[in-house]
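See below for the structure under consideration.
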Amino acid sequence: MANIPTQVRKSLERHGLSDEQLRTIFRTMLLQRQLDNRGFQLNRQGKVPFALGSEGHEALQAGAAMAFNRGKDILAPYYRDLGLSIGIGLTPYEIMLSIFARAADHNGGRQFPNHYSSKRAGLMSFSSILAAHIPHAVGAAYALKYRKEAGRAVLVTFGDGTTSEGEWHESMNFAAVHKLPIVFLCENNQWAISTPLSLQMGQPNIYKRAEGYGMPGEQFDGFDPLATYDACSRAMERARNGGGPTLLEGVCYRFLAHSTDDNDLTYRTREDVSERRKDDPVPRFENLLVESGIMTGEQVAAMKQDVLHETNEATDKAEAMPFPTADDLYKHVYEGAWEPWQ
Amino acid sequence: MAVATSSSQVLNNVEAVRATLYEALKNDDKVVILGEDVGSRGNVFLITKDFVKEFGTERIIDTPIAEASIVGIAVGMAMEGLRPIAEIQFADFIYPSFNQIVGEAAKTRYRSNGEYTCPMVIRTPYGGGVRGALSHSVSVEALFYHVPGLKIVVPSFPADVKGLLNAAIDDPDPVLFLEHKKTYRLIKGEVPDGHYVIPIGKADVKKEGSQLSVVSYGLYVHWALEAANQLENEGMSVEVIDLRSVRPMDRTAILQSVRKTRKLLIIHEDNKFGGIGAEISAMVAEEALFDLDAPIRRLAAPDVPAMGYAMPLEEAYMSSPAKMADAMREMVKF
Amino acid sequence: MTAKPSAESKFERQGLTDEQLVAMLRVMILHRTLENRGFALNRQGKIPFASASEGHEAVQAGAAMAFVRGKDILVPYYRDLGLDLGIGLTSYEVMLSLFARIDDHSGGRQFPHHYASKKLGLYTISSVIAAQTSHAVGAAYALKLGKEHGRAVLTTFGDGATSEGEWHESVNFAAIHTLPIVFLCENNEWAISTPLSAQMGQPDVYKRAEGYGMPGVVADGFDPIACYAVTKEAMDRARHGGGPTLVEAKCYRFLSHTTDDDDRSYRSREEVAERRKDDPVPKFERLLVEQGVLTPGALDELKASILAETNEATDRAEAVPYPRPEDLFSRLYEGPWEPWQ
């Protein structure tokens, strides 16, 4: 098993973040969990065929999102990055359009939920194919460097399992050779569907791969949004200023099954999960903010209420939107008019 | 033939690719070339020789040996506004990038509902007759032409190479640009000066005829023309169509010709099973069966993985103008 | 760069007998002689293509000495002529491959030096870089599953091959399963025209090992005894349940990539001449003579016998016929097969 940093309750190390920013991080975490749960509920109600949870990734994603410069940086995420996506500016309504696969969804209802693509947000399109987006992120970083766009960087994320893919390796290597402005952020949740980390690699520390590529590597507690922010902001800053790529590893945990199509009890026990639940990053950060006097209990309650309200509203609004039509099947295969072979 | 301009020069296919790439690099600083040994060596066929001296290592990128990422990085560059031209050193090494070509590049526009696009070119030398053995001689077009979202160009004349490569570089979608390596230095032709574009998806009648339509592409167009000229001396009239693109495919040109000559022979270097000829035959059978005076025929490579290194194995694999002439004669006389 | 191949000749015999040392030298000289013959035949227009591995003689002869014939498995790459000879391939088989004759291991189907011999434990490979790495891992898995203690797989590749995704996937899998395999990188600093600095972000392949969770070691690839020692240690570990090792041998490619390449376009004559000063073949000859392992007279005899062997193999292989056209259709599947035509 991985070297999981000890989960001692820390005093607040704010790494230069204002109270307002700390609250923003917390709100992103709450919203992620709320939207996530909504997806699962809608699935149980038979309203959507599929949902993908990210419980356990909230701290990591909200912290990383805070290190992202909106309007400048580029995010190449993967399917579990709901919190990161809202953290860089996607709205709950956009999330719900995706879950409901409506025509107004970014992808026109073509892809699975949580596969956004938004030029506005700087969020690159990606598929469900593991690691396939990593060379794209490297290509985008190359473009930034080539155009001498100092002050911009690419943040690319992936799971622990994805580091086993050849394309991951090729991408890391190329970014190191060219000292590209990119941060490779691994969300190490210890599982790839049913495959534990011990069957994914021969040693449990992903960040240790960095040296072999010739770039810095760093591991941090992915249940701590501030440790995450700290590591990500330093790495992003280095990338933005010509210092080249970094491999970051946030150690977290996947609390839910892989998706609504998975039953994790076939490969791990309730006890495994409940043991890790004790460190659930959302209540943990809530306590920290309250104990440190950043928020009062009432403010927290009000924020939760607000997040619930926003989620309900987004759900209703998206659900009311139409599906794509059969004609849409033929759109955007190529640019312009296209005569399908039939 | 390409648009006539006042001046032109004779180039072979290597020079035509080279001149077109050079022009693209000159005209648009968004164009970058990436691949194995494209830099100081100037590509294994010297297509990009000295480019790195003029355009620098940032635009002429010697990549590590990693085909999946050569294509994948090009996809990301394209998404981020560059115009990458990725090179796979030999088509035989394209397989590791299959995921990026088929699963990613061809679907980027579609999956993002038009939000992101992937204007890029993947160039690669293919084909046999050069003692390339099992791993430096294959044809790959049939493995890719099944894929909507991808365009596939297979030019065989220098003027077409230039016009189609320009079109590929300008194209808003990913284009797989296949260059038959035996034609590289063998085939020479007039190439108009200046910038011009030949639309992707348009075939070209290289020789008009009335008794048989021959549809081909790549090296074999040249051999088919040789055979057709031979038949002309024998008093038979064969039309030779160079497909030039296999996706999109020019069904209009094929159907027009077939309706005129009432006979169809498809010739390709790739093997027959599931090859380009299979789709053409099926399409013509669906659309013009009752216009035909003879069964459709396909002349294609033996159904084996590739040509061997030893001379007799290569010779047995490759067709020849003589074999093509035989097939044409039989069809005309049918 | 760290750990360049060294110019000095140390003499630590690492338990090798005189006979073994001379056997290693013989492989090195034979390797070079056969290789030069390939180039000569190409220049004479007798064969269309030859590839060369001058500069790799020491790594390959050393590694071959760590291979146990009849037990271990070798999954090599195209530049491993010396390694193939070192585990038992004959000069005649090499010449059949260069001439693409019917009796060649691949029946004249593949480029030269793509052998396949079950007898020798030599796996078939294609020309596609790193494609064989996963096969080697699969073979090692089979050994482990079959509890075949005392056997291991040796697989080789160039520095450039380490950039391939398949290389990464293979090394990772071997580490997870603690497989009996040694990954030997023949780092000659070039991949055709691509220098190591364009291949990876730091110059030491062995440093990748830690990230996979296996030992990584480096050796002077111009020193056959050092290469023997690191490979031997790694193979022994693999044979006895200790899992995989990534071994890097630092050498140099003295010639162009193949007869189709001209290295003058991408590296200076001075660079090559500088590295030639450490040429491992004369260096090892000198060492063995200096150490009294071999007399000058015996060295001359050795060379004469190698030349005679090469000449004989050349003549004999050249006289063998090519494959026949119908061989195009043989051995695609087992049993009779009706090609689609």
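Couple of notes before you dig in:
Per-chain residue numbering starts at 1, and chain names A, B and C are given in the order in which the chains are listed.
Everything below uses one rule, namely that a residue touches a chain if its C-beta (ideal position, glycine included) is under 8 Å from a C-beta of that chain, and two chains touch if they have at least 3 such contacts.
Nothing here was measured: the structure is a model prediction, and the numbers come from that model.
The touch graph of these protein chains is complete, with an edge between every pair of chains. Note on interfaces A-C and A-B: more C-beta pairs are in contact across A-B.
Chain centres here are Cα means. That of subunit B falls 37 Å from that of subunit C.
Mean C-alpha positions place subunit A and subunit C at a centre distance of 45 Å. In whole angstrom, the spacing between the mean C-alpha positions of subunit A and subunit B is 41. Residue positions 63-64, 66, 68-69, 96 of subunit B each touch two or more of the other chains. Residue positions 163-166, 198-200 of subunit C each touch two or more of the other chains.
Under the contact definition stated at the top, the residues of subunit A that touch 2 or more other chains are 166-167, 170, 173, 177.
Contact residues on subunit C toward subunit B in their complex (touch as defined above): 48-49, 100-102, 104, 106-111, 126-130, 160-161, 163-166, 191-194, 198-200, 260-261, 265-266, 322-329, 332, 339-341. On the side of subunit C, the complex with subunit A involves touching residues 163-169, 172, 174-176, 178, 197-202, 207-214.
Residue ranges of subunit B in contact with subunit A, taken from their complex: 32, 58-59, 63-64, 66, 68-69, 71-82, 84, 96, 99-100, 103-104, 107-117, 148-149, 151, 172-173, 248-249, 251, 283. The touching residues of subunit B, when paired with subunit C in their complex, are 36-37, 39-42, 44, 49, 62-69, 92-93, 95-96, 131, 133-136, 271-273, 302-305, 307-313, 315-317. Of all the residues in subunit A, the ones that touch subunit B in their complex are 74, 76, 105-108, 110-111, 115, 117-119, 124-125, 127, 129, 132, 134-144, 146, 166-167, 170-171, 173-174, 177, 331-336, 338-341.
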